[in-house]
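For reference, the structures are reproduced in the following blocks.
Here subunit A shows up in two complexes: once beside subunit B, once beside subunit C.
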Partner chain A sequence: MNPNKKAQIRLNETIAVLFIFFVLILFGIIFYYQYQKIAIKEKQEELLASRAMETTLKTLFMPELVCTKGEAQAEDNCLDVIKLNAADETFQKHLGDYYFELFSFANITVQELYPHPENIYYLYNKEKTTVLENGMILPAWSQKESTYFVVSLKNEINPAGQSQYGYGYLKVEVYS
Partner chain B sequence: MRTGKKSQVEITFNWIYLLIAGAVILLFFVGIVVKQKVVAEEQLASEVVEVMDTIFAGAGVSEKTKNFIDTSGLADYTLYFNCEIDSQGKSLSEFGIKEKGSSIQSRIEPIFSPQELKATKMVLWSLPYNFPFKVVDNLLVTSLNTKYFILNSQDKFFEEFLNAIQGFNVKDIPDLSFINPENNFQIRIIDLDGLFIKENQFVSDSLLPLEDDKVTALVFTGPNQITYYQKQGAQWKKMHPHPITIISIAKERDAAKYAAIFSANDQTYQCNMLKAFQRLQYLLEIYEKKAKEMNQYYLDNPGLGFSKDCPLYIQGPYSLEDGKETSLFIALDNLKNSLGACLIKPEFCSGLISPAQQLQQVNRDLGEKGDCLTLY
Partner chain C sequence: MKRIKLPKLGKKAQMEIIGLVVIVILIALGMLFMAKFALKEDPQKKIFTRKGLAYSSLSAVLKTTITDTECSTDFAQLVHPQMGKDLLEDCAKYYAYSPDGYSLYRCQSVLDQEKKHSCIFVNETITRLLTDSLGAWNKNYEFKAWLVKVSEEKPLLLVGPIKSGKGCTKKDRDSSGIFPIHTDVGLIETELVLCD
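And now, the complex of A and B:
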């Protein structure tokens, strides 16, 4: 065989080996990238669920909302209706400088079920949004996690002259 | 001869080519491993800090409970805690793993702890700070290798403290010569009477081998007045020129007092207490609205027999036992004004105590004397 031709075949062989090697590396990188993508998504979901629980926990124990009994320990899982009515304005007023750090992007409401199911207390609402060039505001969150927690609702001011207990649920929606 | 020499060169060239290619591939994988190691360490640090944040959030709201957290997996790492007041006069605290980048910052939760912890067991204790209503849960953080020595005292807080912190690494001692640091990471000495630790005084023989920043003391220099000291060579040195006032009206399980004991120094203590005062400002807004609702309720329902004095207690003025004229509205207003001054200048925060006591008294009067609705 012509030595030039032999050398050419060897060169082609080397190129083929290198090509296959880089193809394998590329496959590896693609596989790793896909795996990481899924892992990051799962981690984000996990973090969002954890944030939802944490926000619910913080809300349930907020001195701004809980029922008190003088200097004794606060009543468990009980929200004061007068405070619920007042808190919305305070949360909104100090959203940027305080409460956003506590709740981040979330929507917190309390739905009364008994005795007045028509009552909904809107406590906090800060949705992740984006503003389009034409001024339209669109939601900009990719995931939402909701948690519900049953609470008792204490209403001290009613014409009957004594505290009245109802119940409802606290709904916490967090956005990512 | 000519063909033989050619093939010899070719074989040598092939080997060199192979070696270079092998080395490049090896370097590529070594690079990936090194990069992954760095990423894994950073990820671990960030996960640890996140988990700690969740633990702190849970512990923070679990009123009056003590949690012993196993941190043996972090025994090689040093956790750090810091709190600083920024240029706008707001507190910003931070905790994380030392020299590992990732950290968590917070303007809300007050965390009172030593500056550094390196331990296999961490202790978290949540105490509600009432002023006079519940403002926030003070989270006290320490470790089982942080030793607290309390010097014997006739002060009733001495017994209370020993009972309250059962399970912690604490020892009562008659004087400084009884201190044995053992293998603890750091030492905090508590002098309730202010008799044993003074500026420039000799520390104690047993404390000499320890690093200066690992030996600190808290001295009560008067009723609700404290001064932090740190070992400097063989002597005690004050960490701040003027004593700090503990802003509290609690008679026992005083969250502000315990917070002072567990704080690293005056700066972190005041910084975290400022968070409580910031929260108090927003709570006062809500309680003001509640007071107005209560007042309106009694105006709208004058027929409620038991409540005939309630508008008086709410609107006032009426006289307290000490002769001061007050009411719910007046007491809330006084507290709000004092708080405004405190948030501008922390030196004025001691002025909060009297209005808070007044509000506490009015709230009691509403419930006990007037049989009315109480504010809190």
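And now, the complex of A and C:
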């Protein structure tokens, strides 16, 4: 065979191998990029879920809401109905200077299921919003995570004069 | 200096070995990636939340006070029996007379407003509370209450199993832990299991 032709075939071979090699590298880069994209999204969701959990725990142990027995230890997983009735006003009053630092952008409510399922206590509501040029307010959050936790609702104001426990749940929604 | 020339066959073998090394490296990288995906552990936080939710749900159910003040005519004053220590205890005491016989507490059912035996009442009320909370959030659960007597080897099932869907299998589940209630007739044990 003509040595020039042989060299040409070798050169073509090398080019083909290099081409395949770069195609493989490109596939690898695309795969890694997609994986990272999903991983970052998952991490964001995990962080938001973690924040929702932290907010729930903070709310459950707040002296402003938790059930007490005089000077004894606070009761576990229990919210005082009298405190819940007053909480909305207190939380609104000190939203900017205290509670926003605790809960950030979140919505916290307590729903009673027994004995009065119609009772809903709105504790804290600060949604991430944006104001348009025409004055319209729109939600500005991209993700929302909801957490539910079952609680006892202690009511000490009743005709029988003894503590009564209702059944309800705490709903915490956090925005990012 | 004299240059040593490798025979043609040796050079070819060397090239092939390099190719093999590259393939081995690529396979090793692929396996590392696979291991990273496969060994991804379940988030601990999720398990903690489920366990906490099971505990708080059972604790709240047992603490709940019944609003029907005329649950019992045997008392001189109005009564507010608690689901755990009053009604479950009563159910254990008068289980033999269930469902239509005598029980100290006969509260108005949440379903049909009829006065019912404590065992039936507890069963119906717990079913409703759990359906409205855990069931509404698409959680699978299983609740049971049983009586352990010193004289009997086998525990007696008082309430349940109250479950959503098929309940929980032995895998991937979290228990509230057993809540014991000491009574005259024996030890009542309650447990709520949550699973996804």
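Following the convention adopted for this analysis, the second predicted complex is superposed on the first by the 137 of 176 C-alpha atoms of A that agree within 3 Å, B and C clash if a C-alpha of one lies under 4 Å from a C-alpha of the other, contacts with A are read in each partner's own complex, and residues count from 1 in each chain.
Everything that follows uses one rule, which is that contacts are C-beta pairs under 8 Å (C-beta built on N, C-alpha and C of every residue); 3 or more make two chains touch, one makes a residue touch a chain.
Source: prediction; values computed, not measured.
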{"item": "Touched partner set for A:Asn77, first subunit B, second subunit C, both or neither", "value": "second"}
{"item": "First (subunit B), second (subunit C), both or neither touched by A:Val151", "value": "second"}
{"item": "Subunit B versus subunit C as contact partner of A:Tyr165, first or second or both or neither", "value": "second"}
{"item": "Partner chain(s) touched by A:Ser50 [first = subunit B, second = subunit C, both, neither]", "value": "both"}
{"item": "Partner chain(s) touched by A:Leu95 [first = subunit B, second = subunit C, both, neither]", "value": "neither"}
{"item": "Partner chain(s) touched by A:Ala86 [first = subunit B, second = subunit C, both, neither]", "value": "first"}
{"item": "Set of subunit A residues, in rising order, touched by both subunit B and subunit C", "value": "50, 159"}
{"item": "Residues of subunit B that touch subunit A when the two form their complex", "value": "50, 54, 57-58, 61, 63-64, 106-108, 128, 130, 132-137, 278-279, 282-283, 285-286, 289-290, 293-294, 297, 301, 304, 306-307, 360, 363-364, 367, 373-374, 376"}
{"item": "Of all residues in subunit A, those that touch subunit C in their complex", "value": "46, 49-50, 53, 76-78, 113-115, 117, 147-152, 159-160, 162-169"}
{"item": "Residue ranges of subunit C touching subunit A (in the complex, touch as defined)", "value": "43, 45, 49, 52-53, 55-57, 59-61, 63-65, 67, 69, 78, 80, 82, 125, 128-129, 132-134, 137"}
{"item": "Residues of subunit A defined as touching subunit B within the complex", "value": "47, 50, 54, 57-58, 60-61, 63-64, 66, 68, 70-71, 73-74, 80, 82-83, 85-87, 89-90, 93-94, 98, 101-102, 156-157, 159, 161"}
